[in-house]
């Protein structure tokens, strides 16, 4: 495949973009080969990446007739903010790789559409700059900075900049085996920088030592660090990347204000379950103590109602909004959010759910989905 | 794909049309691109559309040897009319999009072949005109007209025109997310009109209100409307679009004379179960009080015997007869009905069923089909 | 596809024919389009045809190590004849469509290889002529001849000609909806004739009568005919086309000397189970009273050992030997039988079975195959 | 397909080789058509070959967050040798077919990377020569030599040459129906020889005798031979090719020092279960008495952790290292081992396992994998 120069972003939405998959189709023309491999690729054989999407598609919904849903709505409240709907932009690094306005554009769209957005530690625009330009609530995604002190310094900056919550990523102490990206030879282009923090220095390895166990994992956070951290911060902290019910319980005990069931979009460890498959176990373990969110494979409003039915308070989307960002900047992201919200509204109306709180397991045909549940 | 002018309808049946799938193949040449997207497309990712067909195919039949089925037949009685067989034409809107003679042709074929046909509120020929030209029993498909009064006015016209039953569609208060149709930019061509009733006016939305909850759903019928309606009509009324057993029970309590298990051909809410998967639950809930019909994915006589075995009194076909209509007008529709009936007869003969009443669960290999049942 | 003249049969076996599938690949070049559609096609959507093959492939075998199988063999005895192996040629009509020597070639090969062969009522060479040229035991496949008298006359000819058993086909009182064959417009070529019996005359239908119920089924045999028949013949009679356990029981009660579990190669009623799926039920119902054979989808020696493990005494092959016949005449058929027998021997050796009687359910991994069993 | 001359091996690793599958892709260019068919092909329809790989992919892993795995490692001890990791090179015959340096190259790579390697009876370089050049522990793969005496002679040579263990192959007394290889007409090229032992002479068959039962199986070892053998050797002996739990028990009773769950890479009897499907049963039967190893379809570090979780002590890889050997000789094999080991380390770190002993069933999502378990 010869890669031509990626097309410049569109300034109006083509009439044949009517759902998230259409943005993916368009985005291919607006992103170069290597960045496409980075964005689309998952770990190893991408089994988990595929499973994420497939699982939502396989779970069936029971439609209900003649229900009264007049004056229904999709509002929800999280960490003190009322959101127009439960669709939140997941943290995605270095968004200027995909559009010149990067995080500014996606955060703008989120605010206009009543969403919250999560800004990455690895953003290509400083967390303060993003916050100043936001029109809605922002959460700050946190990567451990190799030490407690460096991590706390970063958190304090996010607090000062007005972020409303921390989203601490716990599933990626090592970046995984992203073979598609490796084959494509992707690296962040020179003109784009992760401006918030300097790169983390890995320990120098002695002969015969392991880059994994003695390198990356030697500076990775462990539960003790979390216990310490929670006592030094004032913002609510969500743990993102929890899949196992026991980790969810432990996170709540440690002071988590929320859980994000996630496998990092299938980008870290391959052959882990779809997030849908982990959700019920985490919800049961958390038992209502804190909100549980979920990401991974959300592509339709019907996926969102299914997530709610399994106990999620809200969902995060990742790749889909980057597709929209690359295709048409803030306009694209806003349009995508509108499409998903409208799909959610229709799904609620046709299953007889007037509000998010009306959505429960009874809308699901679970008996045929035992393999994924 | 360059769309050439669609071919004019055939006036004789080619010898290689020997089943419904052959009409679908031929029809592609007789329908333009946009109308094809409208006809073939389902909601969103078309998961339900695919599931409808797949489910019938997956359910297996036990053949029986040496049974005495001499003088068998496929007759059944519905709402006072004896039909030659249990294959009924489902309501399909604006059939003049597909053939110049539109509803007149399909209704003619149904009458000649001993079928009943259901005429849509959104027909492209007036309900009175269709009724005058019919040769067999007609049922009238009813969309709620935004108010009780307007709806009742329409019903009275159908009663006056001699329709034998009402088929009230309850699954489509909003038209769903028909992405394939949207991408193709389909709209009903100028020369074809929905002549029975004027378009329904949606409420004007205030800032921040939802087109779904405050628009479409604000004028959608609810159970109270049904209770009122049933007391003001004399025709038997079937509820079409029931999938959940609880809705079936409620419909019977509300005075339904019949239930049509349907998901609108997968055109409204995607990822709902195949109609086959809903049928047994509805039949159990109705418990013999009224006839239960089913549509969605019926493409073979073997599908019809399976539907009967699961408790359906009759089936409706939709897209298949439109394929036949576009290919060869009334001649095509009549031929299609004959093919399906003959397939049904052969399936009955080879499973040892002399009449429709002989068909029961014992013809099914249900233990291997738990996922769809 | 432009059909060139089919290639003349080969007189030596190419080195790249090493299994049944290779003969299928070669046969395509030796059979014209219409005859290919007739041979390969099944009923309707060919679901059952596909299921037959798939089912054998899905069932897994446990290999066993270091077993002593020296002096093992594949011999079995059926109706007084000892066969070198349990691979029998199923009845196939008008084999001169596929090779000039037709049934003479296939029967010759069977005899040379120690097989029994079943000669069809609809053979293209007279049953007496075939019998005179045979080198091994022949069974005669019987179609009901419209009346008891005509049927008995045919049977007496078979008895007189030395056939060793009757194989009475009970699953095809009507030929089914063979759409692929219909689309191809196949008819038996003029130079090939079904020489044994004249075509059966169907009743003349009155207006409004059914070609199925009042035509074909009016002259089809029923259980009463069987009871009569069994008392008038001396040859052992197998019932071919039994799938339901209750029919198997009834056949045994009626005097069957054997059962052939068969769905006619998926050629009569589509969406019936794979024969593998019916086998266990029939074996249980017959409970050792008579031998149970099976056909449908047998393509490998491993399929044969699986059939034995499920309780079948022997298997029949159909299409595979016609592929070999068309490719290389009697030489091809003999080679095919040798390949299958050798595969069976290897499968027996590697599962630790010295004789056919050593094969039982313990060689199967049944717990993972509940869907097909 | 026109086969060009295979490309000469590479002397540096291309940057787009980042996992085992990449070596398979590259290897196609370095191996001629017939040898490729020999290497890649399995028995018959290659169902088992495919099942081996699919099964590992289907089993899901639970990631764990924030675990302390600092100073973790992958070391294990087998038969007195400490290996850097549990990835062992399976025996593969005549490796000079794939690279001029053959076994010398693969054994060198294994030693450098801290692996053990198993040298085949059918090696293309003498067992003594290989042993002299090795840098790590070698095991000797043993084929029965037709008699106890000849077999013992070969074993004594291996003992004398310093091999650390015997790997006695029990699943291939006959070479199976390798159709792909047969069609390609593969034979070992003239310049490559199986130098360790002369070809085994098969018995001369009398008329009517079976090449399987009276030929190959007449000189195959049986349990009695094993009982004798174990009393005459001093090296630990592993039984390779055990799939059934009862055979595993019997092997332990007979004195096995280890079991290798294997189906010979799907090359001998087709339609046997994936090795993953056999592993748990064997582990339960062995009950810790001796180490259980497994091969077949291992392509990822995640596969290795799954094997450990099901009770395997170590894994063997076969085709993957031949792909690496053909692509880039010893350098390729060493690189492949490094890739797999690093994938294993990452999988351990992300599932919270610091050492191999920490890996157990709790890392698996077994409830969704009942079909393969």
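Quick notes on this one:
A, B, C and D are the chain letters, set down in written order, and residue numbers restart from 1 in every chain.
Everything below uses one rule, namely that contacts are C-beta pairs under 8 Å (C-beta built on N, C-alpha and C of every residue); 3 or more make two chains touch, one makes a residue touch a chain.
All figures in this text were calculated on a predicted structure; none of them were measured in a lab.
Taken over every residue number at the interface, the positions common to chain A and chain D amount to under half, indicating a different-residue contact. Superposing the C-alpha atoms of chain C onto chain D requires a rotation of 90 degrees, rounded to the nearest 5.
Averaging Cα coordinates per chain places chain A and chain D 41 Å apart.
Computed from the mean C-alpha positions, the centre of chain B lies at a distance of 58 Å from the centre of chain D. Within chain C, contacts with two or more other chains are made by no residue at all. Screening every pair of chains for touch gives A-B, A-D, B-C, C-D. Residues 15-16, 18-19, 21-22, 57, 59-74, 300-302, 306, 342-343, 345-351, 354, 365, 368 of chain C are the ones touching chain D in the complex. Interface of chain D with chain C (complex): residues 44-45, 47, 170-171, 173-174, 176-177, 179, 182-183, 185, 210-214, 216-218, 220-226, 239, 241-244, 246-247, 251, 263, 268-273, 277, 371-372.
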